[in-house]
Structure formats: structure tokens, C-alpha cells
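In what follows, subunit A forms one complex with subunit B and a second complex with subunit C.
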Partner chain A sequence: MTALVNPGLATELARSDEFNADACMNCGVCSAICPMGVDVEVRKLFRYVLLGMEDKVRAETESVFSCLLCKMCEENCPAGVHIAENVRTLRHHIVRTTFGLGEG
Partner chain B sequence: MPLPTGEVIGILGDNLRLRKSVLPLPTRVATKWTEGLDLKRGGETVLYTGLMYQLIPYIEGLVQAQIKMGDSWMAKYTGLGRRVNRMVNVSAFMARPSAEERARYDQVPINVVHLLRRAGVEFGALYEDDLYSGALAYDLGLDEVVVEHAKKVHAAFKKHGVKTVITIDPHTTTMLRSVYPKILKDYDVEVRSYLEVLAEKNTGANGNGDKTSGEVVIHDSCVFARYEGVVDEPRELLAAAGVTVRDPQNTGRQTWCCGGPVESLYPIKAAANAANRVAELRAVGTECVTMCPMCYVNLSNAAGDSMRVRDISEYLREASAS
Partner chain C sequence: MTGRKIGVYVCQCGGNIGDYVDVDKVVEDIKGDDDVIVARSAMFTCSDATQQEIVQDAQEQGLDALVVASCSPKLHTMTFRDVAKRAGMNPFQYTQVNVREQCSWTHTDDKTGATEKATRLVRAGINRTRLTEPLEPIVVETTPKSLVVGGGIAGLRAALGLAELGLTVFLVEKDAKLGGRVAGYGAMFPNDRKGSDLVATLEEKVRANPAITVFTNAELMAKGGSFGNNQVTIAIHGDQLETIQLDVGSIVVATGFDDYEPAAGEFGYGLDGVVTLPEFKKMVDEAPGLLQYQGRPVKTVAYIYCVGSRQDESLEGAHTYCSRYCCTSAVHTAIEAQKLAGDIRQYHLYRDMRTYGKYELLWNASREKGSLYLRVPDDEPPAVEKLSSGGLKVTTKDLLTGGEEIAIPADLVVLVTGMVPRENADLVSVLKLPVGIDGFYNEIHPKLRPVETIVDGVLICGACQAPKTSSEAVASGLAATTQSGAMLKRGFAELDPMVAIVDNDACTWCGKCLEACPYDALEQVEVDGKQVAQVIRTACKGCGGCVPVCPTDAIDLQGYTDAQIRAMIDGLMEVSCS
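And then the complex of A and B:
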């Protein structure tokens, strides 16, 4: 199995200081507490970003857009990850690169 | 099956870019709530709806149409629908709520007008310049479209000399208060929800605290509680109105989402989430109070006859009238 890696993905996504996927320590509190359950696993999405696995992020499009942005995970995250804003940033990336949308 | 995600986001973004709302409303529908209230046009302080309550019955109609389309042959023509929608407002034809349904949602801003007046607050309204905030498009990552739209909202504030905006729903509140300052230059509008304004006035519903007006289970809005820190105000106001507030298992800053934020893309998932939340609320009571139109509609639909859901403004208005 091969994976196409974009080593600059995390840097490309970091449009502001708010994007901090690299603060995630993969503890799983977010997964345990998420109202959407297994439909959304943000720690996995953030890992793909940090590894530069852009195709894997795209393959998780429904997961990215299934997030409620309710911040239940963020409220309970011990690492202070800006989960909602990170997910929104992934959406912005997919909207532009996969859907060809986003022009003002 | 849900409709293609990219096409649905495209339609919502096109509508905001071309028609100033993710789901465009005729001006007479958007401003119907102002009739007979004698609200001055503009001024330093205005009550701003962001169209959220007015939009909900239309969004509901659209979601039902989406569910039907998703299971039909029409799903594969969503892309074509998007192209047509750029020229003709197709979404407006798909959702046609009854006058009674629209009136139910219009009642919330009307309640808020009476509550603020009773608390001695002076304010105007922007009528046709009361625009949608762009909340859904921002959540979906349509940042460039939202920035352009936010400039139009800001221009409306400048045109009417607005310095302070009083909001009603949590989504408009967080957009105008926490998002616009990040995406607009020289934006310095003070934004407060009416719940905060009333709580600060310490009037509640104007002193019905010695009476008992029943017992409710409270459903906090995620956006109010976790984005904007509005948790104590609704409780203080309900207590002052003589309403006994019960908390469900997940409450306050740990509130459980109603599912509404994914309704536009994945309505089945939204409904499943709402059903889980209704079970938590039902364990505590059969009368539920909400403070967001999305929470209201999602929980109402999931609860059916098993639980009565009402907007907080109704309780406060009833107490102030008694």
C-alpha cells in the first residue's frame, strides 16, 4: 500500500495561529465524548494532516462535514487543541481543493 | 442517501453570494415581525435578528425536500440544480411553510421587543437591512464568501449609525461578536444577546419571582454556552420569572448538541442526534426550554408529542405580562 504525502500540508492549512493540530496527543477524549460517535474522529484527521496524507483527509470528507462544531470535545480536551477551528480549516481546504468552491 | 456534499455547499454559498442569505427570503417575509411594533429605523442601538428565526421554517421545508430527493433519481441532478439556482432562486420554490408556521417563529423577535421595552431599553431595527450573518456558510468553510457578505452587513451598520447590536439567537451573536472582528477591518460594533441585556438590567421578566410558573428542563445552546459563555443569564431570567429550572445530564458548558449544525448536509444524522438529546431531556421533564431556533426545531421534531419544547422568550414574556 502506498500513500502520497504532501509534507507541507500542515503548514498550508495553518492560515492563522489558531490552527494547532500538532497540539493533539491522540489521547482519545474527543472520540469518547463526541455526540456523533464513530462518524467523526478528529484525532485521526489531525494525524493525517501532520503526516501530510492529503488523500486520506479527502477520503474523510463526510466525516469532516459531519462534525457539529459543538466544541464538546474542545471543552474537555486536556491539550487545548482548537478542535472546532481545526475542523473548519479542513473544511475550507476541502471546499477549495476538492469542491472548487470558496471564491468570494 | 445524503445529497452530494459539494453541490449542497455550492448552492448555499451561491445563495449567500448572490442573494445575501443561504436561503433567500422575500423582504416582506423577513420583516413581517416588525409590523405594528413602531420600531424606529436604525439608530445607535438596534435589535438584529440575522433572519435566523424567520429562516427556520424555510430551512425545514428544504431539508424535507432534500431527504426525499436523496432517496430518488433526482439526487444525481443536484449539480444541474445548482447551475439553475444561480439564475433562478430554486430553493425558494422548494420550501413553502404555512403562514401559521412562519408566525410561530416571528413571535420570538416580537417577544424580545416587548421584553426589552419593558426593561427600559431603547432600540431600533434595520428592517430590510437586517441581513443573515453568514453563520452556516462560515461553519462550512466558505470563508471568502463570508468575508464579502460580512462587509455588506458592516456597511448596513455604518449606513444606519449602529454602534450596539442586540442579537436574539446564538449563531448570529457569535458571528457578529467573535467572527466579524477577526475577518473585517475597523469593525468595532458592540454585540450583546438580549438575554445578557435583560440579565444585566436585573429585571428578569420584571419581577414575577415570587410566583411559580412551572418547571422546565433547560437545553443550553452549544454556541451560547461554549462559544459565548452565556450560561447563567437564561437561568437567572427564568428564575426571576418564577420558573423552576432543571438540568439534564449534560448541561451548561457540557451541554449536548441538538444535531442541528449538520442538518443542511446530513439530515438523518441530525435527527438521530436530536433523538439522543431528547432522551436525556425527557429523563428530567416533559417541558423543555430552548434559546436557539435550530435547537428548537430539531428537538421539537425529535420529541413529537413526548415533550413540549418552547423558546425562552415565551416564558419570559408570559411572566412579564402576568
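And then the complex of A and C:
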């Protein structure tokens, strides 16, 4: 299935000053180092966001919430991506849109 | 015995020769040959100590000719000619015998055979040397003037550099204006200076320099003469055609490139909204605050990289090379576009990003400003189609998302086109420029002689040689300047005297040698009422092409005469190895 690029998602998420998925250079250190062995490649997840592939992002809900926010990945990221913060932003987005919870 | 006094030195080259050729045996074999006064082996003949030893032998024994059996003549002919000179011999009575590349290295499995072959080669060298005559280099006075063909950024900078060296410069530009392609550019990487400003600054200096004469609407029509002294004909197209003759010592070719023109339908080229990088650059340069295309605001731009570069070699006329400037130029243009008002989304569909060197920082900057890069598969190029709604859609696979198929709705698709060689058959034929398989002009050596061509005195620079950024084009223009200076500032040049010579008594002027000569180095003259061939010694390269075609054996090559070649063959055939 061809996914249609939707810049809206990235634009919406980018409202958080901390969200900087576009700094990712796809090296994969984050996935290699994750103590949870989280079943998603962070680099892929962030690209789904950047490309606005909403369905793909939602499909990763489980992994997004499995993250311990230990920041091991962030400490080792050579591109300075705020990975934990980005994950938190994504959680916020999923909670709001998927589970219909408000901003409150 | 001819009364010659020849010194023979056989080199071990460490183990390069000595491990496979019994050097001492070779010396023993040729020691008793006629005219051989000194015969020695040496560990490294090119070392200072051995060179000194040769000079000492020559002075003590009164040697008048020298043979060194060592490596390829390409490596050390000049070294030992110099030794011969220092020892009081004529440098052209030196013979280099190659017993390394053509003997020890090729026969590592057969030491006896290699040793015997080395003896034969050395003997051939001795036989040639016995028949040498003292020669003097051909000294030609050079004309301290340069012709620059092409008034783009490389040609302008070269012209200025040449004038600053104190040479007289003629700058010939085909177009009505100077400046070439850079004159049409706005902000350029890496420092955002406008191309038009850069060129205007250069042109002002060029126009103000009294040593530079600029001809616009002009072309180089013909070139005559020889190294250091060329007569060139320039045609100036005006109300009426005017031709002028100029004397120049060097010619700098800076004729630039053409932009790749995509074929109709190539990545949607021809569809409304599909433009090339140069077209897009112009749109960004001229945007009135907001990026617009045909009156509509542009919100999403998709770039397709490597259009017309790195093409599949199985395609006819494929441009298989990387154009090297386009990645950085597209990235820089994206940054410029982002500076305009309005929120622009930019997607870059690339094969490999080649923003090499310092330009890597621009790539980072563009990503921070929101450009998104998608790595597309080499064998599955993106497809561009027009939507019924009026917009464009680019479909591709993104390898960084594991090959996910993605469709990007775009207002504008930019084809990042590369550089292609400029069609210039007339100039190629006038200057005999060496054209490479990619269509760009070839230098002699990419590292060590990067702007010289096989045509002496003709230099190349800028993007006529290969795709280049403007800074690389200027750097090569200055290299051509330096090389011209090295040739012309001394006022004279010394050429190798190993050139053809005609025996006027034997010559019957049939013209066969003229046809055989690839360098136009022969002409018909009248001597004592007789038509004969005459060698233009400054044009002759000593290739020997004319010698075998002469039906009366009236032409010979100095340094490699028929008699010498026969003697060398005799030396090779002689079976007097002990």
C-alpha cells in the first residue's frame, strides 16, 4: 500500500520545541542499545512521523508505551536527537488522538 | 673498436632486479665488449653515492658515453642525462636500459632466463650508445602572451592571473557578454555571494587591466606554429565578420559545460510544475518574497537527484559520472527557498548525498530547517505524475523506512540536473583537444599534471575538463595560469633534440612522410632548386612515424637512427653469454 505523505503530522508535533526527529541520521545506535529491546526501530518510527504516516505511528502504540524513558539511547545518539522527549510527545499525540483524551 | 669510451652500470635496485637477475654475471658478460671501459654493478645506481662514482669514473677514465641498466626510462632518463652532463659527457649520449619492468619483474620465475635477457638488453644498449652523436637541446624563444578561450569564471580568473604575472593576455568569448553561466546565478554556496556580483567584480578588474584584450562575439578559428610560438586566428562576429591574427605562447581553454537537458517525460519533464535545478534556482533568486510558480504559491517541493548523472552504462550516450556540484547546489537552493516567506515543505529524493568536504555543513543546516531526505533505490527511480486536481504526485520507495512505498503530493518537482560536456567540435578540431569517453577534455595526469594536455602549450581548466564547483573551476584556472607562467616567463624553452632529420640528397619529395606525421611537423621546401621534405624541429615529437614510410630511406630519427636500431637488434641476437 502506498502511503500518502502528510506534512501535517510533523507540523503538529513540531509545535513542541523539543521535538527534533529531523536531526536523526538513521544510524540505529538507539535500537542497538535499548535495554528493553523495544520492538520498533526508533529511526523508522521518527520517519513515519516526518512523512506523516499516521497509521504506521498508531500501529506502534505498544512500543511507544513500552519505552522506559531511560535515555540510554539519547546519551549515545551521535546526532543529538531528543529521543525520550520525542517519544513523550508521541505518547501525548496518541493519547489525545487514539484514546480521545483531551488536552486537560 | 670505434675508439668510444663507454661506462656501463647495472643496477640491483635493492632486490627488485638483483633478486631475479644475476647482476654480477651480466657485468661479467659485457665487460669485454668493444669500447666498454668501465662496467660495474650497483645496489642503487640512482643514489647520490653511485652518481658521484659515475662522475668520478668518467673523469678518471675519460668516458664519453654512458649506459645505465636499471628501471624504466620514464623514471630516470632525466636523472642520468644530468649525471652525464655533470661528468662532462653529452647528455644525449646516454642510454637507459630497462632491466626491471621489462626483465626482472616479468621473469620472476626464471632467473637464468632473466639474467640472459638482461645481458642481451644491456648489449643492445651498448650498441646503440656506440653510435650516438652529441646533440644539443632545441632552444625556442617563447612568446610571452597567452590566449584564454572562454570568459566564464575560470577564464576570467585565469586571464587576470596571467596578466598579473606580467604576460599579455587575449580573452576570447563566444557570447556577447563575459561571465558565462555564473553571471546568471543568484546566491551561491558556500558563502551566499551572488554569482552575478562575483563575475562583475572579476570583469571590472579584467576590463581595467591594460595587459588584457577582451574579444566578445569571438571564436578561435585556427592555430598554427609550434610550441611556445603559436599563430592563432580569431574571428569576431559583428556587423561584418572580422578576423585577426595573434601570436601567443600558450592557450588556456576554459569553455565550460552545458546543463543536462532531461528528455521529454524523463521524471515527468514536460509536465506543468516539473522544472530543472537551474530553472528552480532562478525562481528562488527572483521570488518576490513568496515562492510562486505561475502565480500559485509553492508549499511543497520534491527534489529528484542524479537526473542526467550516474546513469546506467547500458543506456546509449549515458552520463555515467557523478556531476559532483548538484547535491550541494540543490541543498543550498533548498536553504535559500526556506528563507523565503511561507512555510515550505521540501522532500529530497536522493541516491547518495555527496555534499563533500565543508559543504556537509549545508546538508545538516537544510535538515535542521525541515528538509526531509528520502533514500530511493538505485534500480527503482521515482515516478512523477500529474493529478487530476492539478498538482503533482511523486511515488517512490524510501529505503530508510525499510522500503516503504510513499507518495508525495507536490506543487513543484525539481529535477536536480548535472553538467554535461559542451558540444564544441570546431574548437576540438582546431586545437586537437583530447576528448575523454565522457566527452570532457582530458588532462595528462589527474594528480601531477592536472591542467596540461598532450598538446604542448594547450592547457585546460574549469568545467570543460570535468564537472566542477565554481571554486574548483577558479582553482584550476589559476593552475593553468601558473603552468603558462612556468612555460613563458623564462623566455625560452628547451626541447628534446631527438627529432627526425632529412637527407636532402636522398629525398625525392614524394610526400609520404607528410601524410604519416601526426604533428604537422613536416613541410615541403626548395633547397638548391630541389623539392625536399623539411622537419619543423620544434613541432616534431620524435615518434619516428615518418621513418619507415620513406621509400628512399631519406629520413632518420636522431638518437634512434636506422643504424642504431640495427645495432641494437644485433646486440639482442648475439649469443656470447658465458
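Quick note on the criterion: the second predicted complex is superposed on the first by the 98 of 104 C-alpha atoms of A that agree within 3 Å, B and C clash if a C-alpha of one lies under 4 Å from a C-alpha of the other, contacts with A are read in each partner's own complex, and residues count from 1 in each chain.
Here is the rule we go by: a contact is a pair of C-beta atoms (placed from the backbone, for glycine too) under 8 Å apart; a residue touches a chain by one contact, two chains touch by 3 or more.
All values derive from a computational prediction rather than experimental measurement.
*Asks:* Taking subunit A as the common reference for superposition, should the pair subunit B and subunit C be classed as clashing or as fitting?
*Replies:* fit
*Asks:* Looking at the overlay, what does A:S31 touch: subunit B (first), subunit C (second), both, or neither?
*Replies:* Touch partners of A:S31: none, neither subunit B nor subunit C.
*Asks:* Tell me which touches more residues of subunit A here: subunit C or subunit B.
*Replies:* Subunit A has more residues touched by B than by the other partner.
*Asks:* First (subunit B), second (subunit C), both or neither: which does A:R91 touch?
*Replies:* first
*Asks:* Between subunit B (first) and subunit C (second), which, if any, makes contact with A:A23: first, second, both or neither?
*Replies:* second
*Asks:* Just subunit B (first), just subunit C (second), both, or neither: which does A:F99 touch?
*Replies:* The first partner, subunit B, only.
*Asks:* For the overlaid structures, how many degrees, to the nearest 10, lie between subunit B and subunit C at the C-alpha centre of subunit A?
*Replies:* Superposed on A, the angle at subunit A reads 130 degrees.
*Asks:* So after superposition, what is the minimum Cα distance from subunit B to subunit C, given in Å?
*Replies:* For subunit B and subunit C in the superposition, the minimum C-alpha gap reads 23 Å.
*Asks:* With touch defined as at the start, can you tell me which subunit C residues reach subunit A in the complex?
*Replies:* So the residues of subunit C in touch with subunit A come to 300, 343, 345, 347, 367-368, 370, 372, 395, 398, 400-402, 404-409.
*Asks:* Show which residues of subunit A lie in contact with subunit B when the two form their complex.
*Replies:* 35-36, 39, 61-62, 65-72, 74-76, 88-95, 98-104
*Asks:* Which residues of subunit A touch subunit C in the complex?
*Replies:* My answer: residues 1-5, 7, 11, 22-23, 26, 43-44, 47-48, 50-51, 53, 56.
*Asks:* Which residues of subunit B touch subunit A once you look at their complex with the stated criterion?
*Replies:* The touching residues are 2, 5-6, 9-10, 13, 17, 138-145, 147-148, 222, 226-227, 253-257, 259, 261-262, 265-266, 269, 273, 276-277.
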